[in-house]
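Input: a single structure, listed below in structure tokens.
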Amino acid sequence: MKRDELTEKILDIKRAKGWSWKHITTEIGGMSEVLVVGALLGQMKLVKPLAKKAAQLFELSESEERMLNETPYRGSPMPPTDPLLYRFYELIMVNGPAWKALIEEEFGDGIMSAIDFDMQIEREPNAKGDRVRISMSGKFLPYKYYGAEQGIPELGYKED
Amino acid sequence: MKRDELTEKILDIKRAKGWSWKHITTEIGGMSEVLVVGALLGQMKLVKPLAKKAAQLFELSESEERMLNETPYRGSPMPPTDPLLYRFYELIMVNGPAWKALIEEEFGDGIMSAIDFDMQIEREPNAKGDRVRISMSGKFLPYKYYGAEQGIPELGYKED
Amino acid sequence: MKRDELTEKILDIKRAKGWSWKHITTEIGGMSEVLVVGALLGQMKLVKPLAKKAAQLFELSESEERMLNETPYRGSPMPPTDPLLYRFYELIMVNGPAWKALIEEEFGDGIMSAIDFDMQIEREPNAKGDRVRISMSGKFLPYKYYGAEQGIPELGYKED
Amino acid sequence: MKRDELTEKILDIKRAKGWSWKHITTEIGGMSEVLVVGALLGQMKLVKPLAKKAAQLFELSESEERMLNETPYRGSPMPPTDPLLYRFYELIMVNGPAWKALIEEEFGDGIMSAIDFDMQIEREPNAKGDRVRISMSGKFLPYKYYGAEQGIPELGYKED
Amino acid sequence: MKRDELTEKILDIKRAKGWSWKHITTEIGGMSEVLVVGALLGQMKLVKPLAKKAAQLFELSESEERMLNETPYRGSPMPPTDPLLYRFYELIMVNGPAWKALIEEEFGDGIMSAIDFDMQIEREPNAKGDRVRISMSGKFLPYKYYGAEQGIPELGYKED
Amino acid sequence: MKRDELTEKILDIKRAKGWSWKHITTEIGGMSEVLVVGALLGQMKLVKPLAKKAAQLFELSESEERMLNETPYRGSPMPPTDPLLYRFYELIMVNGPAWKALIEEEFGDGIMSAIDFDMQIEREPNAKGDRVRISMSGKFLPYKYYGAEQGIPELGYKED
Amino acid sequence: MKRDELTEKILDIKRAKGWSWKHITTEIGGMSEVLVVGALLGQMKLVKPLAKKAAQLFELSESEERMLNETPYRGSPMPPTDPLLYRFYELIMVNGPAWKALIEEEFGDGIMSAIDFDMQIEREPNAKGDRVRISMSGKFLPYKYYGAEQGIPELGYKED
Amino acid sequence: MKRDELTEKILDIKRAKGWSWKHITTEIGGMSEVLVVGALLGQMKLVKPLAKKAAQLFELSESEERMLNETPYRGSPMPPTDPLLYRFYELIMVNGPAWKALIEEEFGDGIMSAIDFDMQIEREPNAKGDRVRISMSGKFLPYKYYGAEQGIPELGYKED
Amino acid sequence: MKRDELTEKILDIKRAKGWSWKHITTEIGGMSEVLVVGALLGQMKLVKPLAKKAAQLFELSESEERMLNETPYRGSPMPPTDPLLYRFYELIMVNGPAWKALIEEEFGDGIMSAIDFDMQIEREPNAKGDRVRISMSGKFLPYKYYGAEQGIPELGYKED
Amino acid sequence: MKRDELTEKILDIKRAKGWSWKHITTEIGGMSEVLVVGALLGQMKLVKPLAKKAAQLFELSESEERMLNETPYRGSPMPPTDPLLYRFYELIMVNGPAWKALIEEEFGDGIMSAIDFDMQIEREPNAKGDRVRISMSGKFLPYKYYGAEQGIPELGYKED
């Protein structure tokens, strides 16, 4: 059994039952819906109690339940050909240089974590047409200069 | 003269003067700093009054000022090899399928605009290590079904 | 069930019945034929009443009908190896720079929407050989300069 | 001298003079502006009398004038990273399958020529936001079945 | 049913029967053998009377016969890894620049059509080792300069 | 000095003098024009007496003359973005499978040489529009089965 | 039936029987083992008498025997990810420029044939660790200058 | 000035002076040599006091010293064609699946940081040929499940 | 049977039994766990006695046991889309140039072997968050200068 | 100074002097000509005494002499577009699977080293056309199973 076969089975059941993602994530609960939907689509791991709930909801076998609890091989095809996803890709292509300049000026040399990371998607009502509001928060991880001598001022990144 | 030669010149002056981006965007003013920095890095257009201010600040020629006011050929190399930018790219690869599922369930068939789009980057103080907070807001653009007959319920997307 | 399996099934039935696309789009009605054919080929969503008609015409199951009403993961392989499609691709490669120059001079900084977009394909009779006439109309979407100060003239893009 | 060096020189002069494309194409005249702009950007050939006018306008040398009259090595980078051009690319990815189905049903086996091809770009005023209107007309070229026996009905494509 | 499944079936029958392509193209007749073999391999359309003959020869179903009469999605993988096909690919890589220079000097700005195109492959006996002789003939298609003013000499391409 | 710098110099002189390729190949003589033009464009070697004539014609230095006599690193970018060259590329993609089937049936297992190869390009007058006629003749090279036992019939390829 | 399905079947039988390649090539005989193994792996053609022997050994059907006698679509994925094969690939990347310089100085303008080509792989005992010895011998094929005038010395490649 | 021009200048000086990296890193001091060499090669940032020392050693201008203190756009071409670097790349290709399985079993769902990361390269004397010893230590970063309900056992990743 | 089908079967059994890799490698024993897991995932060969133990543990057929003892076609897709593996890939992109400089200065011209190579992965407890410790040791292989004259000092690499 | 600039300079001098590679390698001596030519073309390192001789021959500066003694970043573009080099590439594509099968059966699990590697290119006179003879000899490097228990027979690879 491959993870994408399980994903296809889950989507088939969702379609046959006529369930929405909201219904599914409410039934499973326990984590933000982005994470639960990501796991059902084969990109995230469902922790055990949630995998159990998902298995009950979709009437999965014990092996399928365990597969939901496994960390998948993450990643989907790039560049995305789907217009909805491509717009995010384009945002990086166009704004990436400015993001890098501003984040490094504010935080120093490092990155925003994509692992210790949280995100919400919301509808933002607007008279000229509703907007999609996306809020991301990722821990800043400074490049560590191991081996650096004590007492060099700029090296004073403190580990949290 | 090519746009990236102008970008290189601007970065040379910034370095020689020891200016920060905050200093530069405050001097030029008028738009969010992401847009001004993007323009100075060759990915955005500076509107005329701001191009004038930028030209005064960097002592640019009239042709260089006009070039800042031109819409550039946008886009930077993908996939990004720089770790800071790659993390954003990875977010799309891993979370893209869930984003698509949830946005389409909430908004219907369409996309979040990357053109009618606003964004802020902020520092989020946190005892365990400060976080990068990114807030995006893009207008939702529904796929239009031109040629559709009147009176079909689900077709009732109204134009703004 | 995957969307391309449904597409294959629909094409098998079309072939077995000897139907033309004109026959199919007339039977289903309700939207321009480009959109209906696009949906049956797995690139567009059929709104519910049309998905119902399509299901009746092709004698699809309820799950298949629901799948036609889902937004697919859009996109087909690029560059197109088929000569008919490649000619469109070539038009962008060769004429793209001129299109960008002329659209930006006329409309300012922005894009022609591929979402709020309409299109017709027609036969244009011609003594020297008939021609394919394609008419496209897409809403112009100006880049928004959020955060811009009031009263800067060139920033006066008004939201519709 | 390479063609893109000539293009860069022409753009430098255009910027220094503050000319619009409309001004330039009016001065040069003689062909549709898409073709003249395409030639000045290095994707089309300017016929001799127009190359002469372009040379006078931009004060080019005789060698540069001759270069404008040469057929260039056509093509620009794909996929386009610039959002304005990418939208056209996306239209092919998403609508290509339907275009192929409908054109072949209407015209038979063949292609729309990208060589015997005409095109206009116009502004379409619209209360909800102006639209870009693009009209294309390309000669349909049927696949020729040379060597086919006489009298086979479907083979009766007549050469123009 | 997919076109390559039909191709595989046809090759299985050819192998089981021990037929040569010459036998098959003689049986089907009606067009040059390159076109008939191309159609059986899924790259060309067989016109109806020939599709009927092919169906009789291979004892195909009615749906399979109709599929042979459909225009396929053309194209095979590039660059070709097979040595026989790679040599043709190499000829373009090495000789392409000279072909372009000579064809454009002789014919003006345009292309040799790959659609209105005829081709023969023959054995050329030679004491030092027989040779493959390939003769191609494609209609020259000049770039059309629509919108061009009357009376400009070099614009005088006449449409056929 | 790089070969493409020499090519650029030769094209600059050709343009400044207003010479045609026919003039140049007539002056240099000695080989088919496809080969001479190929050499001047950096894809072929000019044998010494012809390199001398070319050097006289273009007033090249001794080093440049010697470079023309060197075998270049052959090859130009693929896939070709230029429409004239792309049509040849497409012919391989679409017709390749049939060529392979027919050549192997006629000649056995092997290839048409791209090295022991001759080619002419001619104008073929035609009332419906002139045609480009290309005649190729390449030696057939059979795969050699070294180590094969004597007396196996099908192994009886004789070396030339 | 596809060629790689036949390859998989042959490998399954080899594994089930516990045969070595040496055993198999000895049983089939008639050609060097590189060629026989290559054919069983789907990259070479087995001539009829050997295909018959292979069919007897592996108890193949008549269709499978005929498939072994067909010229396959040659080629395996590149760059090779397997370390054993990658080392050969690397040898070309690193030594290619020197090979080209030395072969052309010794032989003139041309190539080493990959078709009229022979090869042995042997073990070379060595106290510091045995070595793999590979001996290749390919016919040198000079570029032919058809159309060249008689009597030009350097053109005096004689055809074999 | 671009970062790779500065790198080229530094390498020119190193060569002219005949310095080793050991000499250079000893002179500059302050951080592990991997980081200092990385910075001089344009992949890392040199903190201010070290940039000052580097500037003194190489007699750099103030702008060049500041550039060494900037975070570069990181990344070098992949896949690496150089054999020394390719071997590391191959290690990931071949061992990656096992690393993922073992790290996730030991640590749970997450990654080894490439940012909070330390590394040493040492010579390991060995009678059969010295060995390269590489020791890496990266902080394990668990995927965070924000939005998770309290009290779900497996969710009990504690933030550091 | 293909190697990845065997891998899938092994993972299905592991999941159904609820075994950890530690349990499996303890049961099979005999080699480091990285190698055993690599073999079960299709990237390494299991030597005969271990293949036998693995076959007993997973109740494999004799053919499957033999397949585990075959050297697989190694390699997994690159660049890795999974974040855990990508971080290793990034380490090469960013640190590669410094590794090359330092290893060559210390060892001379050569590589660290990826074949005569050993590796351990360990947990490194740390109050600020545990760390992944990876220790690699690969034999240094100097480029051999065969054909070199005796007595040239720098050529004095001794073979082990 | 970059290594390819030095290569270009060396080729310019070789051309101006009219030297052959044989002359150059004889003058420099000390190693096989493949290695010396490889170094002059920027793919190998010249050991110090040979770099000195090369510097005298080509009248290079001290910095240029030192650069010849540096290990370059190895590798040239792949796939090779030049026909001479492509034939080697094709040999791997077509024969790779058989080489892997035969080498592994003879030597066990491992590779032929591309580092401890020797090679000769010779002319093999032949009445039917001379042949290029290439002899390669690379040390076989077995995959090491570190951590393997003592006394497992198949693990008995002895280190040299």
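Observations on the model:
All chains are identified by letter, namely A, B, C, D, E, F, G, H, I and J, in their written order; residue positions are counted from 1 within each chain.
Methods note: a contact is a pair of C-beta atoms (placed from the backbone, for glycine too) under 8 Å apart; a residue touches a chain by one contact, two chains touch by 3 or more.
These numbers come from a predicted model, not from an experiment.
A count of contacting C-beta pairs for B-H and for I-J identifies I-J as the more extensively joined pair. Centre-to-centre spacing of chain D and chain J amounts to 48 Å, using the average Cα coordinate of each chain. Taking each chain's centre as the average of its CA atoms, chain H and chain J sit 30 Å apart.
Annotation for chain D: residues 35, 44, 73-76, 78-83, 90, 93-94, 100, 104, 110-111, 113-115, 117, 128, 141, 159-160 touch two or more other chains. Contact between chains, as defined at the top, is found for A-B, A-C, A-D, A-H, A-I, B-C, B-D, B-H, B-I, C-D, C-E, C-F, D-E, D-F, E-F, E-G, E-J, F-G, F-J, G-H, G-I, G-J, H-I, H-J, I-J.
By the touch criterion given at the top, residues 1-2, 62-63, 66-67, 70, 73-76, 78, 114-115, 159-160 of chain D touch chain F in their complex.
Against chain E, the residues of chain J that register as touching in their complex are 79, 81, 83, 86, 90, 93-94.
Those residues of chain A that touch chain B in the complex are listed here as 20-22, 33-35, 37-38, 41-44, 74-76, 78-80, 82-85, 87-107, 110-114, 117, 119, 121, 123-124, 126, 128-141, 160. Against chain E, in their complex, chain D makes its touches with residues 29-32, 35, 44-45, 47-50, 71, 73, 100, 104, 109-111, 113, 115-118, 141-149, 152-155, 159-160.
Residues 8, 12, 15-16, 18, 80-83, 128 of chain E are the ones that touch chain G when the two sit in their complex.
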